[in-house]
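The two complexes that follow have subunit A in common; it is paired with subunit B in the first and with subunit C in the second.
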Partner chain A sequence: MKTLRIYRLLVASSIRSRMQYKFNFWFSSAMSAFISAVEFAMLAVILHKFGHIQGWSLTESGYLYAVLHLGRTIYRTFASDVHHLEKYLVSGDLDGLLLRPIPVLLGLMTLNVSIRIGELVQGLAILIWSLHGLIASGQIGFAALPLTFIAIVSGAALMFGIGLATASVGFWITRIEVLQNITEDAARTAAQYPLTIYPKWMQGLLLGIIPIAFANYMPALYILRGQGGWWLVAASALIALLALAAGMALWRVGLSRYQSTGS
Partner chain B sequence: MITVSNLTKQFRQTVPKEGRFSGIRTLLSRDYRVKYAVSDISFTIPEGEFVGYIGPNGAGKSTTIKMLAGILHPTSGTVQIDGLSPHRHRRAVARKLGVLFGQRTQLWWDLPTADSFDILAAMYGLEPQRKRERIGMLAELLELDPFMATPVRKLSLGQRMRADIAAALLHDPDILFFDEPTIGLDVTAKKNIREFLRQINRELGKTILLTTHDMDDIEQLCTRVIVINEGALSFDGTIPELRRRIGLPTLMSVTYRGEVIVDSGVFDALSIKEIDGRTVIATCNRAKMSAMEALRLLETLGEIEDIHMEEPNFEDIVHHIY
Partner chain C sequence: MLFLVLARKSYLRNLQYRSSHMIHNIASCLFGFIYIYIWVGIADDNSLGEYGVNGMISYVAFNQCSLWVTTFLTHGLGIGQSVRTGQIATDLTRPAHLFYQSMSKEWGQIAYQFTYKFVPIYLLYFIVFPLHVPGSWATVAWTAAALLAGAYISICVNYLIGAAALWTTESHWLYWVNIAFSQLLSGFLIPVDWLPGWLQSASGASFYPFLHYIPAKIYLGLERADALFAAYAWAAGLTLLCLAVTGLMRRNVEVQGG
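On to the complex of A and B.
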């Protein structure tokens, strides 16, 4: 409870800090929304041309895209600077967090919080549009709504786990940008499309090594198409929790190896 | 109470290769050079002591402080702060410590100064009443009121340092680590900060470990000096002891009532540097001869009118040990 209060306070002060630079705040929110809108527009153009990707319709692909991006938006909003740990490792700025009687991860999560309004609005818009289309055509019922909510939250936890594990590797190798490109950016870009378009080895990679497919594709198989069973959603949540636990464990070991910098 | 025993910290560095394709060969190399930033340091600091921790750049001062504060984990050896290990019980120890890094602010850069205190108070779980008392007291002692509403990034260095000191003291810790609190400040600001540090040590009984390159800080504040050089402890004792050990000469300038004739053969530990009419300038090695003995010797030369003694400059002493 106390931790939650401190988290709220720290997030609020972080947002106030960013509000000091109003132009930057609004401009970056607008830009990130614009970029992800362009991304989806490209997907839509492809689908419009061919009608479907490997049997996945436009509304279904929109659903995959929206669930993934909403999950990511939640992760990046609540754990913002975990993704930028490299900056703290190189500059030695983690020192300041280690001096305080709060968990270091909590401190890091509350620095430079960005409210990703643009991405949130855009993600929600696509999700609502997709769900509306799918429900109207009778493919899914309203029972899909709570399941979708679970899928989004567990996807956020999964991406947080992957992000945290990747960041923690930085305690050993310091520079992690390239690694993040693979585990976070490339994997997520890949998961925007239905998994079936990829060769088998790539599917294995996205299911087993960097299990990003559990953030949208796997739960969607059941939610949208009734394949497998409800356990697909539960398994996705379980894998998210495992990834989070692994990330936390790696983080704890890494922190004890923190080297700081000279001064 | 701080107990440090056999504290060691080693860093591994890749050995850079030379010659052809040196970049790639360095990348593939598995050769490491182990560098001891701190090696086998032991000391104990009882409550209420004001200790100066000095050494040249790169001697391992900051590394030691970071291990004491729980930022770095020691390679071997132990640190205990009131019986607790800072890296195993980091959060409990953090409550007992106030830490200031003069080169790097701990305040929230873009927010008004007062906001930083609010955030810190919440982190340390201060009750609202207690928080008001602490901030009121510190604001008065450190004269923070004129810039409480100013964002930290717009403060002058002197103001920022005072605000940082207040931030380190907000939760009323008993042990304080100050890493270069007077760096870059003007004479008046330095004097004020020294006065404040003296006050919290003498009157409130805070234990203070101070690292600095400003020898006036050490000379005016510390009851004890610990010198570290190349990671190893090279001296631990009082300032007079340090003076004695180095044995730098005391300068004595004696003016006589009449002309003096000097027979230099008389004195061994006392050497005559200069004779200018009625004034004789002599240096005396205090490790071998007390000031009184030296005076008695000088008295045999004639009737003394005036005498002036100059102790060796502390900076020279330190220069000598490094």
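On to the complex of A and C.
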């Protein structure tokens, strides 16, 4: 409980410090939302032109995009600096966190809490639009809503797990930007589209090695199309928990090997 | 000659990190694979117009390579960082024009990225996919001229983004906004002629098609070299704008920090 209280205090303090620069906050929120909107626009333009991608309509693809996007927004809001661990490793700034009376990971997560209002609003807008279209056409019922919520939360946990495992590798190799490019950026870009468009080796990669497909595509198979069964949503949540546990385990081992760069 | 000295130094500085950059190429290749498979997936029940499936594979593969020549340049040509450190004051007092200095360094960067990013990624795609090969040396020469024009336009745009750092601490966002616009309007992933009407108009009124769409179409033999007149007109106009902005910068130097 004490740890949680300290965590809440540090998060509030991080938000307060960020809000000292209000223009910068709103400007950066607007810019990041705009960049995400353009990303979705590319998908929308393709679907507008060709109607569907291997049977996945614009509303279905919008759903895939929004669930993934919202999961990532949650992950990056609460663990922004886990993604930026490299700069702490290179500068030796992680040393300061080792001295704090809370777990290092929790301390890192309270630094620079990144409130991604723009991305949240944009993700929610696309999700609501997609769900409205799918419900109106009778493809899904209201039962899809709680399942979608589970898919988003478990997707956030999954992406946090993948991000944490990638960051932890930094304890051995220090520079992790390229690895993050592959495990986070490229994998997320791939997951914006239906998995079936990729060749088998890439499908295997996105299901087994970097299991990002469980953040949106696999639960969506059941939620949107009734394929498989409810266990697909449960399995996605379970894989998210496993990825998170693996990320935490790698983090603990990595941290025990941490060697400061000194000053 | 100052241009060659600065470009060479920039090239050699990058050369120190070429192993790391080669690893980075793996990530870049993966993005290209994803984009190519999107079109292969769409081609399942679409003929993909004048391009055809192999044409679109070549189009996307070429654009994934040319990103490193016409799009992924140094953020704001490093001017934002220079403003942060205060180096900008020194750079503005040098006997060479700031635009000339920055541009010269960036050409070294582009030459490096062409050699160690464009070429290896292109070779990999060439081995893996049935890529289109230009039918004549003239096409190769016009493609190179299109890439050079695209690179120069991008240098000018990045210079303007860097210059904005003298007025706002958030200028780095402009770099990413420019990249976002470029992804949509340059025809990087979706040929401009497939954009909805209003986006086609927006694209046509901008310089973005000269970064990817025109070079890729010339490379595929689907566009005449005449299209480059407009590219060089944009380059000339943007150069004048960069020179004018430098005049404003001289009167508005604000060095942050102390």
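In this text, the second predicted complex is superposed on the first by the 263 of 263 C-alpha atoms of A that agree within 3 Å, B and C clash if a C-alpha of one lies under 4 Å from a C-alpha of the other, contacts with A are read in each partner's own complex, and residues count from 1 in each chain.
Please note the rule applied: contacts are C-beta pairs under 8 Å (C-beta built on N, C-alpha and C of every residue); 3 or more make two chains touch, one makes a residue touch a chain.
Here the structure is a predicted model, which means the values were calculated and not measured.
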(message) Once both complexes are superposed via subunit A, do subunit B and subunit C end up clashing or fitting?
(response) fit
(message) Per the contact definition in the header, classify A:V178: touching subunit B only (first), subunit C only (second), both, or neither.
(response) second
(request) With the two complexes superposed on chain A, say which partner A:I6 touches: subunit B (first), subunit C (second), both, or neither. (result) first
(message) Contacts for A:I197 in the overlay, against subunit B (first) and subunit C (second): which applies, first, second, both or neither?
(response) second
(request) From the overlay on chain A, compute the angle at subunit A's CA centre subtended by subunit B and subunit C, rounding to the nearest 10 degrees. (result) 90
(request) Figure out whether A:R16 sits in contact with subunit B (first) or subunit C (second), or with both, or with neither. (result) first
(request) Identify the partner contact of A:R257: answer first if only subunit B is touched, second if only subunit C is, both if each is, neither if none is. (result) first
(request) Considering only touches as defined above, state whether A:G96 meets subunit B (first), subunit C (second), both or neither. (result) first
(request) Once the two structures sit on chain A together, report how near the CA atoms of subunit B get to those of subunit C, whole Å. (result) 7
(request) Enumerate the contact residues on subunit A facing subunit C in the complex. (result) 24, 27-28, 31, 34-35, 38-39, 41-42, 45-46, 48-50, 53-54, 175, 178, 181-182, 185-186, 189-190, 193-194, 196-199, 202
(request) State the interface residues of subunit B toward subunit A in the complex, per the touch definition above. (result) 11, 58, 62-63, 66, 69-73, 87, 90-92, 94-95, 97, 99, 101, 103-104, 106, 108-111, 115, 119-120, 122-125, 151, 179
(request) Sort out for me which residues of subunit C touch subunit A in the complex. (result) 20, 23-24, 26-27, 30-31, 33-34, 37-38, 40-42, 44, 46, 169-170, 173, 176-177, 179-181, 183-184, 189-190, 194-196, 199
(message) Which stretch or stretches of subunit A touch subunit B in the complex?
(response) 2, 5-6, 9-10, 13, 16-18, 20-21, 93-96, 98-103, 256-260, 262-263
